[in-house]
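Just passing along the structure, written as structure tokens.
Per-chain numbering from 1; labels A, B, C and D assigned in written order.
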Amino acid sequence: MSVFSDLTSLLRSDAQSVQVVPPSGFTAQLTIFTAAAMAFLAVFALALSMASGRLATTWGDELARSSTLRIIAPQAEQPALTATAMRILESTAGVASARPLDAAEQQALLAPWFGTGVDLSTLPVPQLIEVIEAGTGFDSAGLRLRLEAEVPGAVLDDHRQWRAPLVAAANRLRTVGWVSALLLGLSVAAMVTLAANASLAANARVIAVLRLVGATDRYIAQAFIRRFTLRALGGAAGGTVLGMFVVRMLPAATDRAGFLTGLGFQGSEWLVPLTVPLLAAAVAFVATRLAAQRKLRELA
Amino acid sequence: MIELDRAAYSYGGDALFADISLNLTPGSFHFLTGPSGAGKTTLLKLCYGALQPTEGQVRVFDEDIGALGRDDVALLRRRVGVVHQDCDFLDHLSVADNIALPLGVAGKVSSGTKDDLTELLAWVGLTHRRDAHPPELSGGERQRAALARAVIMSPDIVIADEPTGNVDWEMSQRLLKLLVELNRMGKTVLIATHDLSLIRAAKAQVQARVLRIANRGVQLAGADL
Amino acid sequence: MIELDRAAYSYGGDALFADISLNLTPGSFHFLTGPSGAGKTTLLKLCYGALQPTEGQVRVFDEDIGALGRDDVALLRRRVGVVHQDCDFLDHLSVADNIALPLGVAGKVSSGTKDDLTELLAWVGLTHRRDAHPPELSGGERQRAALARAVIMSPDIVIADEPTGNVDWEMSQRLLKLLVELNRMGKTVLIATHDLSLIRAAKAQVQARVLRIANRGVQLAGADL
Amino acid sequence: MSVFSDLTSLLRSDAQSVQVVPPSGFTAQLTIFTAAAMAFLAVFALALSMASGRLATTWGDELARSSTLRIIAPQAEQPALTATAMRILESTAGVASARPLDAAEQQALLAPWFGTGVDLSTLPVPQLIEVIEAGTGFDSAGLRLRLEAEVPGAVLDDHRQWRAPLVAAANRLRTVGWVSALLLGLSVAAMVTLAANASLAANARVIAVLRLVGATDRYIAQAFIRRFTLRALGGAAGGTVLGMFVVRMLPAATDRAGFLTGLGFQGSEWLVPLTVPLLAAAVAFVATRLAAQRKLRELA
């Protein structure tokens, strides 16, 4: 029996061949329930993956790539030291850009400390330079050494050392999400295989009768394949819809509690969970087909 | 039609019978008798490819049973009507659907099917039970339904294992008449039974030969039957 | 022992039989005959509590079958040995274990069980098949195993539905002898069969009465049998 | 049949009654697999719950309850204003304690800006007061009004408005964890019920034979109950051990990536997942018992 003819007969409504296998209430319910539960969980795993992926991307792009250079020195010396630092930074490999913050930006950063009414020029405020890294990043130890020599009072605040573990953790979480989704897929395969086998074993007498009256293996297998594929499709569709609904109901991401509440899909990501029922059906099709072929050989 | 060539069969231990050579010619009518456990059912199973001889060869329609694939056996079954000793049905289908099952499996349901089915149901006296389900049939009704299912495809060979074990005398005569009629139409008939009166009644109607299985072999029973 | 009091049974539609009154006294031996589908099996089922009359009353051991709970029916079954028409077994247990099953279920396995079992297996000619599994038995062997299972508890009543439908003449005489012997020990025996020669053979050995079920009623068959 | 006698017969090894039901390969594997998968997931759900619970507690206690009052004023005026502010805070309902930070603490907070070598007394640094709230918290709007009148330049930085949503999110996550665990328990119940029903239905002939030879409902039910309970126990135990092992393997919590990597159990929390197999067995016992009772009534 070829995969192709099995697939086409799946689509035709071949009532006769399906009828000959008795409707097996509980295995059916079990398969549908399993597919639904797994699909529901898979939607969450995917949401977790995507949220972590977004998080990793965000942190990776905006924060892990930026560092701050503080030049702590009397006001008068600052412009010269800043110019030197800028020159050094521009000639450093792995630095995409560097930019001294202007007074307004510095004031905004200090506002929580000194309020908004303070004239910064009266304070020995350091000059801040924002450094954006490129590609694989710069060698911060090397940069520190060069700055030490030419720009006394320069402190390189490498955000990467703070952010890197967070990005790593987010990436790990994304992996956990994908692995979970994969495991859930394997679970569906395992359960459908077991359920199909249970159904085939329970119908050994039916198969014997069909053989007695001249049914071919393909004819017998078809009914089982069709059934389990449709059940997995139906169950998984239900579970997916429910899962997407619940994910949709979760509070939206806000700036403040971004990660914790950001579990969800954005934009075209909503299309990803829609593949879950199709994958479940495909898994069920293959699993049932293999189970039927093996069992029919065994019962011969 | 059915040829056994030095065939033997064993379920693992000693051979149940050995060195059996037989030739059932087209259009012949045979009975198979012998004590319970002698191997009647086993021999019939060899004849329709449910079992393969452990030694020797069995040929049906000139094809070596042992050399056939599973799909070939399925096609062969469509030309051989079988009544099992324990008549099994699909319990979730009606009696009529069960009897028509071989047609459905072979993709041969046609416009005439319904008439054939009605006639056949009348023959085996199950017209009033056509919509019942098999578990709702009495023992004799099951046997009759099994016989109807075996002959609906108008097979070249009809093999029946104790087809009258659970029916009364009158009904057994009626079933015999159906088998005799099929034989007159040129079908080869092979029946296993321990009912000697059935054999006697048949002999009055057709040229039937009686094979007796005993002592690991098959002999042609004499005119004493 | 078994009393039917104006009992009727219907599977939903018309009543299969109605207004049947019978009294099978302890130690009596009865045959039940009638055409296929007349209701023999159904009547037997009423007698061991598998079905309850749709009208009237059935009393076994002076207890109203209709008033018993499921557990009470289970206890009643331990005093009634039954041979079903389609002999069902637990396919995963050996023949010997299947025959001993009623003892296990009732928690009555004792030191003498093994000897009883060996003797019984010899009686029904299954000694060589004791370790086989039921699907490996021939049709007649199944019937014999079912009879052995029915009598192992030494029940007060033995009910058998076509116990000789699939065995040859010799074996049916042997099984009959077993039933006659049980009857001589005081057991009540009720057998449904369409095998008239079996009835004739029995009448030569015991005082057997023949009940004929036809036309929705039961008559005592005359001496013509 | 009483629950108690069912339970005791579960513990006795009643070989005879168990033997009479044929070993049903695939339903068995299905039940064991399901129990294992659900237990595995339940362990994760519990880990999530506990980690979120810890997080919510931590944030709730240490951060959500503390606010900062900044007194921005010339150095000379600060002591008097600080004293006034302390007086006001002490008389405010819902304030548990208030404490001006000392120079060293303030310097530590400002180090990222001005380096460690700067003398704070030369800067117009505001005085910081740490306010810890009590019970239901204080009325920050009222407090602000009072401070405005008596302590010009006082800025109340109410951390609660930042932390509250985080704590809420952590609590929500904890709820998600518990609800997941509950759902998984229900799934086990549903699947065991379905599997038991499938097994009972598949064994209708066996049940008929047992009834014919005089078996009581209890005798028949026992075999099924025992089997499914033991399978659920075994499967769940396997899944739990695997789950705990995987949780143990996750990177430990660090200060930096605290939440993301902190998924796990601490101390006596490790005992909680150990209840999973027992609960699964209990669920299976009840589910099978109900299924058997119903089915046996139905088949009567």
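Keep this in mind: a residue touches a chain if its C-beta (ideal position, glycine included) is under 8 Å from a C-beta of that chain, and two chains touch if they have at least 3 such contacts.
What you are looking at is a predicted structure, and each value in this text was computed from that prediction instead of being measured.
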item: Any chain in contact with subunit A as well as subunit B; value: none
item: Chain whose average C-alpha position is farthest from subunit C's own; value: A
item: Centroid distance [mean C-alpha coordinates] between subunit D and subunit B, Å; value: 68
item: Subunit C-subunit D separation of Cα centroids, rounded to whole Å; value: 63
item: Separation of mean Cα positions, subunit C and subunit B [Å, integer]; value: 29
item: Topology of the chain contact graph, where touching chains are joined (line, ring, star, complete, other); value: ring
item: Pairs of chains found to touch, sorted by chain label; value: A-B, A-D, B-C, C-D
item: Of subunit C, residues touching subunit D in the complex; value: 50, 70-71, 74-78, 82, 84, 88-93, 101-102, 104-106, 109, 149, 153
item: Touch list for subunit A against partner subunit D, complex; value: 24-27, 29-30, 33-34, 37, 41, 70, 72, 110, 112-115, 118, 122-126, 153, 155, 157, 162, 165-166, 168-170, 172-173, 187, 190-191, 194-195, 197-198, 201-202, 251, 254, 256-257, 259-261
item: Residues of subunit C that touch subunit B when the two form their complex; value: 11, 33-37, 40-41, 85-86, 125, 129, 136, 138-141, 144, 161-162, 165-171, 194, 196
item: Of all residues in subunit A, those that touch subunit B in their complex; value: 16, 19-20, 22-23, 205-206, 208-219, 296-297, 300
